[in-house]
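Per-chain residue numbering starts at 1, and chain names A, B, C and D are given in the order in which the chains are listed.
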Amino acid sequence: MPSEISVRITGEAGQGTQTIGDALSHIFKSAGYHLFAYQDFMSRIRGGNNFFEIRVATKPVHAPRRKPDIIICLDKSSVDIHKKDLAIDGILIVDQTKFRLPGLEESMYDVAFNEIALRVANDALYVNSIACGLIAGLAGLDFAFVEQGIQAVFDRKSKDIIQNNLNSARAGFDLGLKNPRKKMFLLPVISKDRLTDKAGEILLDGSSAIALGAVHAGCKFYTAYPMSPSTNIMNIVAEHAAREHIIVEQAEDEIAAINMAIGASFAGSRAMTSTSGGGFCLMTEGLSLAGMTETPIVMVDAQRPGPATGFPTRTEQADLDFVLSAGHGEFARVVYAPGSAKQAYDLTMKAFNIAEKYQIPVIILTDQHLQDSATDAQAPDQDNTAAERFIISKEESAGITSYKRYALTDSGISPRAIPSWIQDVMYVDSDEHDEAGHITEDAEMRKQMVQKRLYKKLHGLLQELEQPTSFNTKDARVILLGFGSTLGILQEAALALEKSKVGFVHLPQVWPFPSEEMLKLLSGARMIISIENNAQGQLARLLRRETGIKVGKSILKYDGRPFDIDSVIEIIKRELEL
Amino acid sequence: MEMNDFKSSDPMAWCPRCGNYGILNSLKGALVKLGKHPKDILLVSGIGQAAKMPHYVKANCFNGLHGRALPAAFGAKTANNDLTVIVTTGDGDCYGEGGNHLIHNIRRNPDITVIVSDNQIYGLTKGQASPTTDECTVTKIQTAGVILEHLSPLVLALSAGAGFVARGFAQETDHLSDLILSGINYKGFALIDVLQPCVTFNKKNTYEWYSRRVYKLDSSYTSNDLGIAFQKSLEWGDRIPIGILYSVSKTTYDQKTCPTS
Amino acid sequence: MEMNDFKSSDPMAWCPRCGNYGILNSLKGALVKLGKHPKDILLVSGIGQAAKMPHYVKANCFNGLHGRALPAAFGAKTANNDLTVIVTTGDGDCYGEGGNHLIHNIRRNPDITVIVSDNQIYGLTKGQASPTTDECTVTKIQTAGVILEHLSPLVLALSAGAGFVARGFAQETDHLSDLILSGINYKGFALIDVLQPCVTFNKKNTYEWYSRRVYKLDSSYTSNDLGIAFQKSLEWGDRIPIGILYSVSKTTYDQKTCPTS
Amino acid sequence: MPSEISVRITGEAGQGTQTIGDALSHIFKSAGYHLFAYQDFMSRIRGGNNFFEIRVATKPVHAPRRKPDIIICLDKSSVDIHKKDLAIDGILIVDQTKFRLPGLEESMYDVAFNEIALRVANDALYVNSIACGLIAGLAGLDFAFVEQGIQAVFDRKSKDIIQNNLNSARAGFDLGLKNPRKKMFLLPVISKDRLTDKAGEILLDGSSAIALGAVHAGCKFYTAYPMSPSTNIMNIVAEHAAREHIIVEQAEDEIAAINMAIGASFAGSRAMTSTSGGGFCLMTEGLSLAGMTETPIVMVDAQRPGPATGFPTRTEQADLDFVLSAGHGEFARVVYAPGSAKQAYDLTMKAFNIAEKYQIPVIILTDQHLQDSATDAQAPDQDNTAAERFIISKEESAGITSYKRYALTDSGISPRAIPSWIQDVMYVDSDEHDEAGHITEDAEMRKQMVQKRLYKKLHGLLQELEQPTSFNTKDARVILLGFGSTLGILQEAALALEKSKVGFVHLPQVWPFPSEEMLKLLSGARMIISIENNAQGQLARLLRRETGIKVGKSILKYDGRPFDIDSVIEIIKRELEL
């Protein structure tokens, strides 16, 4: 009995691979399994080939496998594209009654989806629910969980539709139970205890995590220009807009977005914007403006492969260098690179607090893979995460009759007032300015202002580092190194090779760089391997620049696809001659 | 030249029944009538569904950045006047991200033709409002309906001084083909806004919706009067005029000179 | 409130006789009449000579990026409705670099007033053509004279759907002051384009040049007719109208809603 | 007798400090001296305080001094601002008859400029020429050189005006000769030989150098949006536009500029654009487009102090990091950082050739100080610098009927055709594409294209490095390190401290980084001091990232002013305990 299975559902854009995926995720989550689900899709609305892959396991899982055990092909052309990816002993589920493809090997399991759908629910659309039921049957689940999952996903549909879906799922389920090879995929039953424990768990994907983080952090002004893979964050914030009194405004371009957000923040709202690399380019001047005017702002760069339009719906981690130095001139910034949906939520909350405390721009560097991947996670507890405002309160403001926006202080942070709250006026300027915010050309004032915006704030920020996550680094033979969405890969690879003295270090914050901690963690390493979704080993370069430590090897992937854990382990083993 | 001379081997990525198919055919039809060799034609686009069009025509293609087709087209035309330059763009591409370039390239008046697949929505990014989306349309982002006034591209173009302004409908392919040919033959900046049903994301402005409203300007229409053009261009709602709303001759960028003092 | 209540201690960096002094005084005059406390007023600007204006008024100031005053102003107004938001900008700032934001913020219709010091030139960067520079003006860059058609900001604003469009003249300070006050009192996006002599770089459109041409719209003018407004706004050359060219009431951004279906 | 003097002319914006400076430069150049002249001005058109400073010497000079020997104050308020800067034994030239300032020390030399101007030429405007004559007299020049200089500067004016200027200069000259302290400033007479040798020399400033480089390289499409300190390049190119058939188009914004340039380059013209940091931000997406579409393009970033609007008319070197990684995604680029006007000319020429050969964006990173500084330089010899076009020629094109824009080759470079020249059509795309330029989502093709655009081109570019300039590095006790406009400082400091074993290394190309050469040059150094006009020591960081070498100290200046050679030498001496 395997402790995990991976299932891929593939078909054309518009065929509903994602709906099936969502339903399956809910079904397996109800049954108490851990799961990791991710998406691979093309930049088109109909046709082409997309897939959704879900890995279900009895212990937590965080990354894709190389070869799925089960592949369901919803259209004919999927078969050719995907059959080479099937695991040994895996099965390819195909509606041969419909496709009539010649020469398919025995790995194939013929399911007459179309006929069954028409028979059970009188509509070919129900193929999707048959597929869900089928997988659940193959995995040996209790049908009650299938019911729960279907109910959750079709929540807002009519009774009839739900019933049709349930009937279809049942039909698929029975087929799954009947499959002679089903033993290969039967998952161990989950204990009652775990089922009770998991009450507080939800399915969380990167986009939802960041959106919820923003909402819970008290973001009241959200503006962006649509751009994959960042758009979903705005969609989800928009769902909360009315209830939480958030202004959600679609900008005419990314330049408008960041400048609107800065204006809103200046006037008193917590403000955020999101985009991907190309849009981030257009925001860099605004980023620099936030630095100069010391206006707090939270930005998301959800990376996709570049340059230019690149692969709009795929993944990469190649904007690291860029976001570290984006915008002209020098000023303090923070760059977080969450490694999981949960971390994305936490760091989004933190981003708002740090941005406001230090009056700086904070960038959340994520990527398509993290945005579109879902796992089971502890539901965020909003009550625990009260947002602290680092501004002069309304009450206190009422008594202020003389105010300098850029008063020089030891910390570099000037008490921040909101216009109209205080009795005085305030001047904010993008030119170099004096303490009162008026334009100056004075050399000495300039020096002090640079020191304020750069050194002094950095000094404070170093006290609030989000420290690297690490595992098995002591006496390690190899330490794997990464940032952002590769956390799952690092975790699973190190765990799998724990006995061979493989450890990992993952950075959820890449700037300011946690140099001290990195020196501590890495100085004993015999070899460091950076694992990065880019072509230059950008993290490895940054590490060397900041600490002098040189990695021994970089495992780089830049084909727009995420790493899979099997390939990574294989490469490491080869490297270690294991 | 025949339709086949402009056939590209690149497989199409549009949804079945997308309005862009009609526009593509009209464009090819116009190119056939134009009679130029594909090598002397350049299609420039930004990013979006409409912006994929150059790949589906056998002609030179420069598929640049979202919103930035016009500056690239201006550069190319100015650097190489042998090229007949046509821009295929979307309402988001041209009026949203690229709005500033529209105004200022109209002022430059290079000899290029701009065909906007105006589906009143952002198609490629899955259905957000565009500058031309009708008020109160609900989207995932505009959850309470669009509250911005929709832009009239024709009026905007006229206000910036465009010398050729037309509207077509993706379903009226012959009519549209003629418009495109007129636009190409017009010496200067020609804007053709095309009503383009997006069957996937725009459930309001459908083939039917447009069909019920559009009417063709006939020969009685005076197309060289700016006042009339403004008035006609403002017409939107129950009746939507298609055809050439304005056409006057203007000196093109490469021909303009000032008296030397 | 008196003029002194709006007096800033920041020394002025404009040339002697710059048209901006007149605009500054008119603005202060309007603020006095408005009667609000300086702390409740926010001046937003981009970069340029005109954009320095907020420093010379005692009121809140957000002096942002070149071309980006409008998005910052929109953000500030939407986030803090207690503020009376006024944008002071230049022809390059607002119609050149910032052109796209002008169109789309008109569509949003936030309750802000935009005063453009339109000197038909780039002042701060030493005299290049702006979008409103008259044809054939010679500059260091346009060595053979400007060949782009000059933009009519008023027509552009009308075409984007602006509800309040006016033109002032920097020398007619009382008239201008009234315009500004009307703009501020207008609920929605108000554009006031102000003819502003640049004594250093614009040797053509001087105080005298403007004086000889401008005339005030009188009470016989119908300011709520879009057709008339378009026509009047197109008037440029020997006679240049100043006053409120168009004013109709529109729902502002914060008030707009769609019927829930 | 001093071997050099420094003269500062200061006054309000609009008072003509620059005109005097230009005239003085011409006068001293005619007389055969070497000179270095730079400008310090405020971001305003009238009023405030500006100055022009010229250093005249018998040997080549390349950098400002700390304290000028002579300061001419054209307005009252200049006196207070500048008198503290005067060299010991220097003189402050003031029109006391007009200003009547109390308490001025004896360092003052009262010249009744205003009265004299009215008397000699009946117009106060002629104060400027009096000042020129005065300096020439103090320096003991032959009046013939003054005549030459005045003629050169007022070239296009009427005879009367020229005569008035000459008369005024004469009056000033006589006063200079009469000054009892003139011995302090008398310069050695220049030999006849030198006067003949220098025939081929011109006065060259950074802006002219880049503009001429572009014109001579065959740039046929120049577009930019005005932005200090880059605007002068466009002004100068515009002067040549008609004769050289260059299209010079002012863009509506920087985004348009770069996209226009890319379009023009695609269609066959050599194209260029220029800006400063804020505008560069807006160009970063276009930069990435050039990388993706493999369209040659030359960009200038003339740095000024940021962030945001910063100091529009001052100098800084803080965009280094930014331009190295600007634009999302990964692709090859070249970044030149010329150290002198002559180098700026040469590298601009080279930029066009390299951009076209490798089909990449090439960035010229300069700054206000270099742009606005003039020195005597060998006139560029256009005939020696024929521009080679790396495209398929028109003749050859006529025979091409089948063409793939992105054909995969060993060098990463695909033969580049121009649309309409060949018989086939071509597809160019900002999305990831196949060899034919059509959009692809294929993982394998993606990998090859990344390798093409990044690794393969970098490999070739490493063979064409503009190698560092160095001096006295062998057995050096200290090696001074810099890039861009600080070359003069490095040269003069190392020369002055040559005996104390101080050498220098200067990088005119910062990317691709000349790692091998740097390792060779620096590995023997006992100490490395980087000298940078920024607050983070960005070059030092880059050096460490690329070579592992850590500098011992960074001398950083970020107040918007250039280094002066005296202060730098002082700091180095202190460091060496000399």
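Simple rule for what comes next: a contact is a pair of C-beta atoms (placed from the backbone, for glycine too) under 8 Å apart; a residue touches a chain by one contact, two chains touch by 3 or more.
As the structure is a computational prediction, the values presented were derived from the model and not from experiment.
Counted by C-beta pairs in contact, the busier of A-B and A-C is A-C. Repeating the B-D interface with over half of its contact pairs identical by residue number, the matching pair from A-B, A-C or C-D is A-C. Centre-to-centre spacing of chain A and chain C amounts to 44 Å, using the average Cα coordinate of each chain.
Averaging C-alpha coordinates per chain places the centre of chain C 37 Å away from that of chain D.
For chain B, residues that reach two or more other chains under the stated contact definition are 13, 47, 64-65, 96, 99-100, 103-104, 108, 131, 144. For chain D, residues that reach two or more other chains under the stated contact definition are 42-43, 48, 252-253, 255, 278, 285, 289, 293, 308-309, 312, 429-431. Of all residues in chain D, only 42-43, 48, 255, 276-278, 280-282, 284-285, 287-289, 291-293, 303, 305-312, 314, 316, 318-319, 321-322, 324-331, 429-432, 441, 443-444, 446-447, 450-451, 453-455, 534-536, 541-542, 544-545, 548, 550, 558-561 touch chain A in the complex they form.
Interface residues of chain A, counted against chain B in their complex, comprise 14, 42-48, 225-228, 231, 234-235, 238-239, 241-242, 248, 250, 252-253, 278, 308-309, 312. The residues of chain C lying in touch with chain B in their complex are 96-100, 103-104, 107-109, 131, 135-136, 138, 144-152, 155-156, 158-161, 226-227, 230-231, 234, 253, 256-261. Residues 13-16, 47, 49, 64-67, 96-97, 99, 122-126, 128-129, 131, 140-144, 200-201 of chain B are the ones that touch chain A when the two sit in their complex. Of all the residues in chain B, the ones that touch chain D in their complex are 10, 13, 38-42, 44, 47, 52, 54-55, 58-65, 68, 70-80, 82-83, 100-101, 103-104, 108.
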